[in-house]
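Pasting the structures in now, so scroll down.
After this come two complexes, each holding chain A, first together with chain B and then together with chain C.
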Partner chain A sequence: MARSAALDRRFHWWCLAPTLAVLAVVTLLPTLYLLATSLTPLNLTQPRTAWDFSQPGRNYTFLAADGRLHGSFWVQLKLSAWTVGLQMLLGFLFALLLNLRSRFLEALRTVFLIPMVLPPIVVAIIWKVLYTPDISPVHWALAALGWPMPALITHPAYALLAIIVADVWEWFPFTMLMILAGLQMLPQEMVDAARIDGAGAWRLTRHIVLPFLRGVLLVAALFRLIDSIKAFPLIFILTDGGPGTVTEVTNYYSYIQAFNFSYLGYSSAITVVLVSATVVLSAIIVRAVGWGPRSE
Partner chain B sequence: MNRRAWERRLLHAAVVGLVLVILAPFLWLLQMSLKTQADIFAFPPKLVFVPTLEHYRTIWDTAFRRSFTNSAIVAVLSTALAMLLGVPGAYALSRARFRAAGSLTLWILVSRMAPPIAFTIPYFLAYRHLGLLDTRTGLVIVYLTFNLSLVVWLMRSFFDAAPRSLEEAAWIDGASPGQGFVRIVLPLSGPGLAATAILCFLYAWNDFFFALILTRTEAMTAPVAVVNFMNYEGWEWGKIAAGGTLVMLPVLVFSFVVRKFLVRGLTAGALRG
Partner chain C sequence: MADLTRRTFLKGAALAGGLVVRPPAVLGQAKPFAGVTIRGSSFQHVFHTYLKEYLPEFEAKTGMTVDFAPQAFPVYNQRADLELSTQGSAWDFLNITFIYSGRWIGAGWFAPLDELVNDRNQTPREWDAADFVSGAQSSLVDARGATYGFAWEAGAMLMGAGRADLIEKAGLKLPETFDQLLKVCEATNGKDGVAPFVADKLHHWNWIPYLMGYGGRVFKDPPGNLTPTLDTPEAARAAEYYANLLVTYGPSGLLSYTDDQAMRAQLSGRANMRTQALGWLSPLAKHEESKVKSTVRYALMPGGPAGQFPGSNSHGFGIPVGAKNKRAAWAFISWAMSKETLRRITIEKGYTTVCRRSIIDDPAYRKSMTFNGQDVAELYLKVLSLGGKSGYMKYRTVPVFPQVGDKINKAIERIATKQQGARDAMKQAQVEAIEDLKKAGVKLDA
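The block that comes next holds the complex of A and B.
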């Protein structure tokens, strides 16, 4: 072709430069600021603490000794494990159901997406209604059947369960969607061949479908895992981290340190830990999907 | 009727049942917003009742209306800005081969996935000095953190899927790379552009955390305003339900419009192809 590669390259750089420049200003600068703040004892009530780098490692030493923080890791772990696990299971079952060839089921697919597209704050309100005994149809119905249910969100033993149920409801459509997309790429020949060899539904799923979906399942689980670290509106509206600290995940604890106690320096250090976890998990996704440098 | 057809009907009935169970919590809020305060507390619940728009009328006359406008303005502006900046960049990433593509992808993914508090703390501190706390401008800038990444992420996959032969034909006819992009590629990417813009709008509209921390009264958005019905005015469930319904209304309408592209946007290109 008669066109110069240099001209092309220059055009591409001119397209990319504004994107990168703005992205750097709105994301990289704040990240550096966050890192810097995490090295200071910044407390909003004491303005002099702002650029005090005399003991840069202090917040990080606190991290190691903070029992409430370690408790929040444990809550986070329980929340993440249960929600991701249940969402994968439900998502897989629903995807299998909706994958059957039927116009009717295809039309219904969109309806299943409603919980996930709703504003998270509306989801939290919906569950607040269902968990408030005075106005909850669930509490009323169970009481009418002779099984009165305690108020879940104020009960230390059940509050986390209440959050888990709401979160699974909100996000199982996501795993369903991903698995459904994966199922639709499953070559029909593979299924037919296994059928001819006499495989039943169970063995077909176990030996053909699941191995084929391995990549999709991994990516779906990782996306949900990263998102579960961000859990905020549900906890904010339903339990406020309580009762006590039973539903206080790390993200929420960091929020409390920063915006209830004004310890922005310490909160930044906690947040740096959360961001590091996000970077590691995202790097695994980029590898798993193979979005690295393209080798064409 | 044969056995297969019966099985099919049974299956469809089962799925419809499941859909109702899944949607029940959502439908419950909808019907609550149309009940009088007395009906909300009536048990056994009245399934047939005279709907009232009383709660909608009450909240529309409060500061909620301004929050609703704020939400709309901020979401539209942040979407427009993200599209303007992000679409050419996505095109370049799709067509050129950059050595740093891998790290760039990771950077974009991380800024989409990072917990909002990671950006909230530095923005909060900076905005205090810049006078951007409680302003719409402040929110528009913050929403770029996730929307710009989203535009690059999605549009790149749309451009990857677009055939290159047409631009190449335009080049042979003497068009510059810029003309090829503006006159050939962009018009062909209409549906992708529309879907991406709507998703950006939705993400900005749905945001709660940034608005909670970075606004007080002037720039408060609708999701935060709804929550305030819980905190300060006692438990007025009718208002809360009506406010919640108003906040989710645009989301439901837009989601229906772009339902085909929704799948790609929500899984955020997590699957290739």
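The block that comes next holds the complex of A and C.
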């Protein structure tokens, strides 16, 4: 019996081996290379720097003294908190709405998915047009009504807000879709029982729906959090990180270091910190929230 | 009468071309590159649009296929930088962008062209490499005198005023100094709904003439001493002046303007003055969509207390060191940069910023560069000679300029949006520039 279990286990490992090997090649090796590169002063114009490990802590010393990088962490925090928070809230509200039994609302579901399925660059260009006073119908309309609006993407007080609005518009359908799928799995008898016990809409949501959706909400939030840390096209097209560094998130700063200045070693060190922070943050959130009820 | 003269000139040029310009031996053969495909790229520019219109003739003559795909300026530079660093063979010819020329040539990523130029089987004597304006070629030649590219564009910064009529109505003329520029802006502000000034967001190109005009500089003594000098009183003064121009007299949202947006604002008559390379200003007089053809006027870049320092630059085609089809690539470059092709592009298409002296001195070119009775070619040549003589543009071709340029862009944005005062913003730019240059291992003054 024990021999059979061992054989089974070995068989399972052999089945998994190709997948694990591919996973190692596509994720583990690049990560190890990233880590190794972060210990070098790799600069594209000086190929010999690729294997120069004489000062492995050099890039990390620069990190500690880089004020612009520290500023980018703060921008990142604001962007992630607002976009993830708003996408979760709007996604939840729209999912509740679209979960109602109505032919019209069912037809409307597809319309809400449009922003999410557009290529990110197209989304960025749409918002660039909307935010550029010369060509924006929004600016024209507001000016015609006597409420001229400043150029949002070049105003230090509004530039990040402009990115947040565009990002929320693009990605709240994703959270909406996930939550809607979760809502449709909600057993009707639980809802009916709560109603019989006298629960109103608020208590039903608070004590039945939200606990049931906890796992879905957690996954959706984690997806969006990780994606918000990778934010790029909107910032690249709309603000280029500006005005000044008002919208320069860490990911974008790392890109500038690598591809505008050729400091690949330094950029790798920033990325290592970013990846580590993302993993730690995800673990903390998973531990704090939990996956919710699991069916055995 | 004008048409007749132009046609006569073109006929004469074609005849002379046929008689005098003997094709290189390699092009003398029937389809010497039949079946060969070469790939090349550059940043998008009107020159390439014109050049591509003549490409079928070249392809029919040589049998080769030229896959030439220009990209947006930042995208091209980043892709080229990465591709060149691998010394790969994906591209057979590439543009050598001015601000990257020191870096790309210095790193040995482009092949020297002298052997091909001097090989009479590849290049006829009449092709005449010495005909290229030396100022335009300077960034494409290394310290030992080896040539790595030939310039298709010599950018010369001028002032273009699309609505010069507004300036005249205010009883003023095109400004020659920074003080006059402010006066003109003030006097014409809001007239006819036209913004007096416009610029694109590449401040590290647009702002430098103002910095130098106030007596400042980017580096202490480039290329020998690359210690940044962005925290001087002159730099702060110039930054404050320029940021004020942008926010007080520019259209709303100016800080996000690209090159093309700024040009469109002028073409449509929504903005008046711009200090920029002629390639972006000449469409005001020539572009079919221009609404300011009859009112546009040009002038030299205004000067400050320390003098006039209009920007000048050049971009040229070169062959990456890893290219597989170097001979075919050279056949393309030598055709694209030949007197005959460039003459056709300038005379037939109206391209302005050509780098061959024989074309610049040609009466037909001078005529095509006369806008509203104004000899703009003369202004263009003045700027090129200014940049070549004193060498004040050397700051721009040092390998670490992109890093320092980024700090300048950010500082100007912070000043223009009132996030920081000029002095603090430039001090911060200096500190950040020094930190970045340390990463590159550049030796700096204590």
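Everything that follows uses one rule, which is that the second predicted complex is superposed on the first by the 248 of 296 C-alpha atoms of A that agree within 3 Å, B and C clash if a C-alpha of one lies under 4 Å from a C-alpha of the other, contacts with A are read in each partner's own complex, and residues count from 1 in each chain.
Everything below uses one rule, namely that a contact is a pair of C-beta atoms (placed from the backbone, for glycine too) under 8 Å apart; a residue touches a chain by one contact, two chains touch by 3 or more.
Since the model is a prediction, treat every value here as computed from it, not as a measurement.
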Which superposed partner A:Thr239 touches (first chain B, second chain C, both, neither): second
First (chain B), second (chain C), both or neither touched by A:Phe92: neither
First (chain B), second (chain C), both or neither touched by A:Phe104: first
Partner chain(s) touched by A:Pro115 [first = chain B, second = chain C, both, neither]: first
First (chain B), second (chain C), both or neither touched by A:Phe261: second
Between chain B and chain C, more extensive residue contact with chain A: B
Touched partner set for A:Asn43, first chain B, second chain C, both or neither: second
First (chain B), second (chain C), both or neither touched by A:Tyr253: neither
Touching partner for A:Pro137 - first (chain B), second (chain C), both, neither: first
Common interface positions of chain A, toward chain B and toward chain C: 134, 259
Residues of chain A that touch chain B when the two form their complex: 1, 3, 7-9, 11-16, 18-20, 22-23, 26-27, 29-31, 33-34, 37, 42, 94, 97-98, 100, 102, 104-105, 108, 110-122, 125-130, 134-135, 137, 140, 144, 169, 174, 177-178, 181-182, 185, 216, 219-220, 223, 226-227, 229-230, 232-233, 236-237, 251, 254-255, 258-259, 264, 267-268, 271, 274-275, 278-279, 281-283, 285-286, 289-294, 296
Touching residues (chain side chain A, partner chain C) in the complex: 41, 43-47, 62, 65-68, 131-134, 150-151, 153-156, 238-240, 242-246, 256, 259-263, 266
For the chain C and chain A complex, residues of the former touching the latter: 78, 81-82, 85, 103, 106-107, 201, 251-256, 261, 265, 270, 399, 402-403, 406, 409-410, 413-414, 416-420, 432, 435-436, 438-441
Sites on chain B touched by chain A in the complex: 8, 11-12, 15-16, 18-19, 22-23, 25-26, 28-29, 32, 40-41, 43-45, 85-86, 88-93, 95-99, 101-102, 105-111, 113-126, 141-142, 144-145, 148-149, 152, 168, 171-172, 176-178, 181, 202, 205-206, 208-209, 213, 223, 226-227, 230, 237, 240-241, 244, 247-248, 251-252, 255-256, 259, 262-263, 266-268, 270-273
